[in-house]
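After this come two complexes, each holding chain A, first together with chain B and then together with chain C.
Let's look at the complex of A and B:
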């Protein structure tokens, strides 16, 4: 507004415009940072607040205070949650399922992505479409047939069945992402390797996999999170406590009418911890992949 | 495959006695084609996918034509009719859940898109350390629905939740966000915006950053104002980013099921936020009305296709794949 000489003669749009146009205006920078800061707080506050609350006692949760004092902090919730054997079993199950799913999807995805990137065959585009479209439909659509199928294969209530189910859901996106990254690797590199007498598999091992590492990291990250976070398929395929995964761990602290909020929130924090950790490790590649749609540098 | 068959069909049709060698030749060429040579790389996962997903959709449709219910004896396919669909269309629950699904889809997608593009423009014009900023914006997106549902359930807690406490500082409330059927849909949409607006913003930011600086400068030299530059020059170029962001958001809105499922417990109907997916799972896995649930799933599929099909067609036309 400082640059505006005659405010009466301009309409609001013009005034905002003159103000936006003034690159150096400290007031404008202040407003921009204020808006972004508010949004930032909006995004982070729930997460930070929940982590904070997970360290406080039940009494604090039901007091009317907004922030805990230092004396309110305790590790009791985590001790109570982690001392439950069933919660630990769920955690181990989640680890087994998510890791195996990721390895399976990456193996299949690298092979399929390589074939789509390097072989020309009629119908390839249609196949890609068929692949991608499966991502876009709600999973509940195939829930009943999938359950009947798994039931007839005797895969209900086994970790292996859950891994297969997650892989079926994860393979399209994994293949899609990996194909994009492999497309960015110059084909002259595998021509050269072929000259040296490499087979397809050794081209994959020596050339493609090392160069597509950022893409593999991103696909692995997405797949791991998909499997770790899944609730729907596990709720359908798992019938006993031995095959439950971590999202079910939260239910342990909810009874019909009472909810142990302090324990529930601590369990939720434990559930999201590996995701945040992975996110911190993979974030550089994830953003790069989203921003450039492919591989950069390396 | 169609192409290679066409070329071989010509001489094969002209002389009957040559058919044998032609067929052998065709077979030989087929075996040496990239299609066959590459098949070990993709055949098994594709078959698996095709069976599980496309076979599943067809099977689901078949089940919806039977009267299958009860416990796991196989469905009886001898008597197929559309009775379940007639029943579904007359069911007020299907109508109200369909309306909720639609409201959620439209409100959530529109608000998130506008917020995303607004924030992306702000960031693109001002903030330099883009990477650190972007990743934190993506964090809620990576969190599980199960976890965020519990978070928000506590945040919306009537007596002690953060939302009511903060509103209380301004002398508002307290509101019963979850218990009141008129407020709960808005509360859910707000929680979803929290989770996905950062993702939407990053997609737009990527689009904005691919637009060269000259365009801003050229518009400035021509005397265009900032708002006009964005409105007339920059935003039209974000068309493909907007379309793909919108489709991804709508897909997430259709997948909202897990969030509600985690928030409202296993089989309790969520008052005011019951969507088609929750209704379908309740009918199937709680009441064992498999055929009826399959019919509801098919209605949901129709809604999903209405969103996805134009997008896929657009992408196909643009040769973007």
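Let's look at the complex of A and C:
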């Protein structure tokens, strides 16, 4: 090694090494692009096509043309959908429900995750398993008793009831993810804060929460989409337009035998837009966090 | 001497008290989540299990007749139940294995360091984050007769066209395709993360031992993604097995019961036949099958 003093030749050798290391010959790159192209055509073309169609006229939509011409493009569908007061209410309801559910799950999830990560007490492990096992329950099994319970608690047809119902679905995985992230924070930091006379609550606020931010982002995102996307629980608990959220509210455009496809598709785009935007913003943490969350439970 | 014992005693006391208070604080922090779960999900679950042994009508849920195991006996001779059970098992097995294989393939492609791979990676989860109802609307639109893009294409090729969710032989495969469409990116991203955490040196060493790409995949990659694979498979088997909305919203179990699964059958028993006890007993069967699967799978994985 030491004898190799000629920088020129060494540079070339390194480049060849790196090239071999990468194994990225043009032919191989082409195959990779081809495979990725096929996957993403399958995954994204339907979405792109739906978005495109949402900007076209009803005449084009019901024609047997595959692609619209410039003259077919219009904002009419969005104007028609957004001009409906009930649809705007659903949108606001969705925002209220998903945001409140997320805050509720994060609050009780951080407390429970901190407790399960830092405290020793009888039943701790069993509790974590009990939390996680609720994920296995078929929702349809509990639907009726659940409805009767919510009815007796006066939580039917109220946004608060929907928030509680969604929180119940989000808490187990949220707690588990947060516990994993809190486990990764060195306990010496807690001890140091305790020496400085911090109470548990202020350790939580000043040490744990700031350091567990990536985990909080992941759990928060997961809870938000879970709540935003839910159909079954809302269809059960919401009985009037005042408590409907978007996924259930889409039935506004589907009558018994006729579907107003142009409006339905525009409304569907509006329904998915917030979660896709949120995902675009949170993507970095979420993709890594969701993936590594699975490994943390080890 | 006396003071020493006393001070030692008081130190023990302090340790004991702080242990006690720590325990109590631990309980205090975990209690809000526990109470919410116990009341809103624990109680209805127990109640659901209990209902499985009664004859109860949705129209009059107060009136309960204890029937013992009769609901389960009725299930054993119910052809629709057997069909729904078969569909559920078939859907779960096919959807999860295809998702896993395709997800593995996508992960391997995304792992390659081609320019622009990052863009593919960030686009990949779009289908997974959108609401199920929106996915169903997309698919139902695509297969509309006359104006759905799939049928327009088929028509231009001179092939038969119809509303494919209404076609007995096609509706079930279409539901599998929807599962794949939705979940493959999640498998891919999780498996990709597991692959990227494998130390590069192991591949270098294998290369020096002149192991080919396939051998490297078999002996280095596969063993080290097995834990994440297990998590993904257990998660998606339970998800697919109990899933209600994808089937219910796209076909409602039709045409002619061709896509009826256990979850939609429970729903129909309860809300269309008003037979709460019957519905609950199907739910109990689902729960038992899922627990059995999880236990067996995790045990097998441990043996490996």
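The criterion applied here is as follows: the second predicted complex is superposed on the first by the 260 of 298 C-alpha atoms of A that agree within 3 Å, B and C clash if a C-alpha of one lies under 4 Å from a C-alpha of the other, contacts with A are read in each partner's own complex, and residues count from 1 in each chain.
What we mean here is this: a contact is a pair of C-beta atoms (placed from the backbone, for glycine too) under 8 Å apart; a residue touches a chain by one contact, two chains touch by 3 or more.
For clarity, every value in this text was computed on a predicted model and none was experimentally measured.
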Superposition on chain A - do chain B and chain C clash or fit: clash
First (chain B), second (chain C), both or neither touched by A:195: neither
Chain B versus chain C as contact partner of A:142, first or second or both or neither: both
Touched partner set for A:70, first chain B, second chain C, both or neither: neither
Common interface positions of chain A, toward chain B and toward chain C: 29, 32-33, 35-36, 39-40, 42-44, 46-47, 49-50, 53, 61-64, 66, 108, 111-112, 114-116, 118-121, 127, 130-131, 134-146, 148-149, 168, 171-172, 175, 200, 225, 228-229, 231-232, 247, 250, 261, 264-265, 268, 271-272, 275-276, 279, 283, 286-287, 290-292
Contacting residues of chain A [partner chain C, same complex]: 22, 24, 28-29, 32-33, 35-36, 39-40, 42-44, 46-47, 49-50, 53, 61-66, 107-109, 111-112, 114-116, 118-121, 124, 127, 130-131, 134-146, 148-149, 164-165, 167-168, 171-172, 175, 200, 225, 228-229, 231-232, 246-248, 250, 261, 264-265, 268, 271-272, 275-276, 279-280, 283, 286-288, 290-292, 294-295, 297-298
Residue ranges of chain C in contact with chain A within the complex: 22-23, 25-30, 32-34, 36-37, 39-45, 47-48, 51, 58, 61, 102, 105-106, 109-110, 112-114, 117, 120-127, 129-134, 137-139, 141-142, 144, 146-147, 149, 152-153, 155, 181, 184-186, 189-190, 192-194, 197, 227-228, 231-232, 238, 241-242, 244-245, 249, 262-263, 266-267, 270, 276, 279-280, 283-284, 286-287, 290-291, 294
Interface residues, chain B side, partner chain A - complex: 1-4, 33-35, 37-42, 44-46, 48-50, 52-57, 59-60, 63, 72, 119, 122-123, 125-127, 131, 133-140, 142-147, 150-152, 154-155, 159-160, 162, 165, 194, 198, 202-203, 205-206, 209, 225-228, 247, 251, 254-255, 257-258, 261-262, 265-266, 277, 280-281, 284-285, 290, 293-294, 297, 300-301, 304-305, 307-308, 312, 316, 321
Chain B-facing residues of chain A, complex: 13-14, 16-17, 20-21, 29, 32-33, 35-36, 39-40, 42-47, 49-50, 53, 61-64, 66, 108, 111-112, 114-116, 118-123, 125, 127-146, 148-149, 151, 168, 171-172, 175, 200, 225, 228-229, 231-232, 235-236, 247, 250, 254, 261, 264-265, 268, 271-272, 275-276, 279, 283-284, 286-287, 290-293
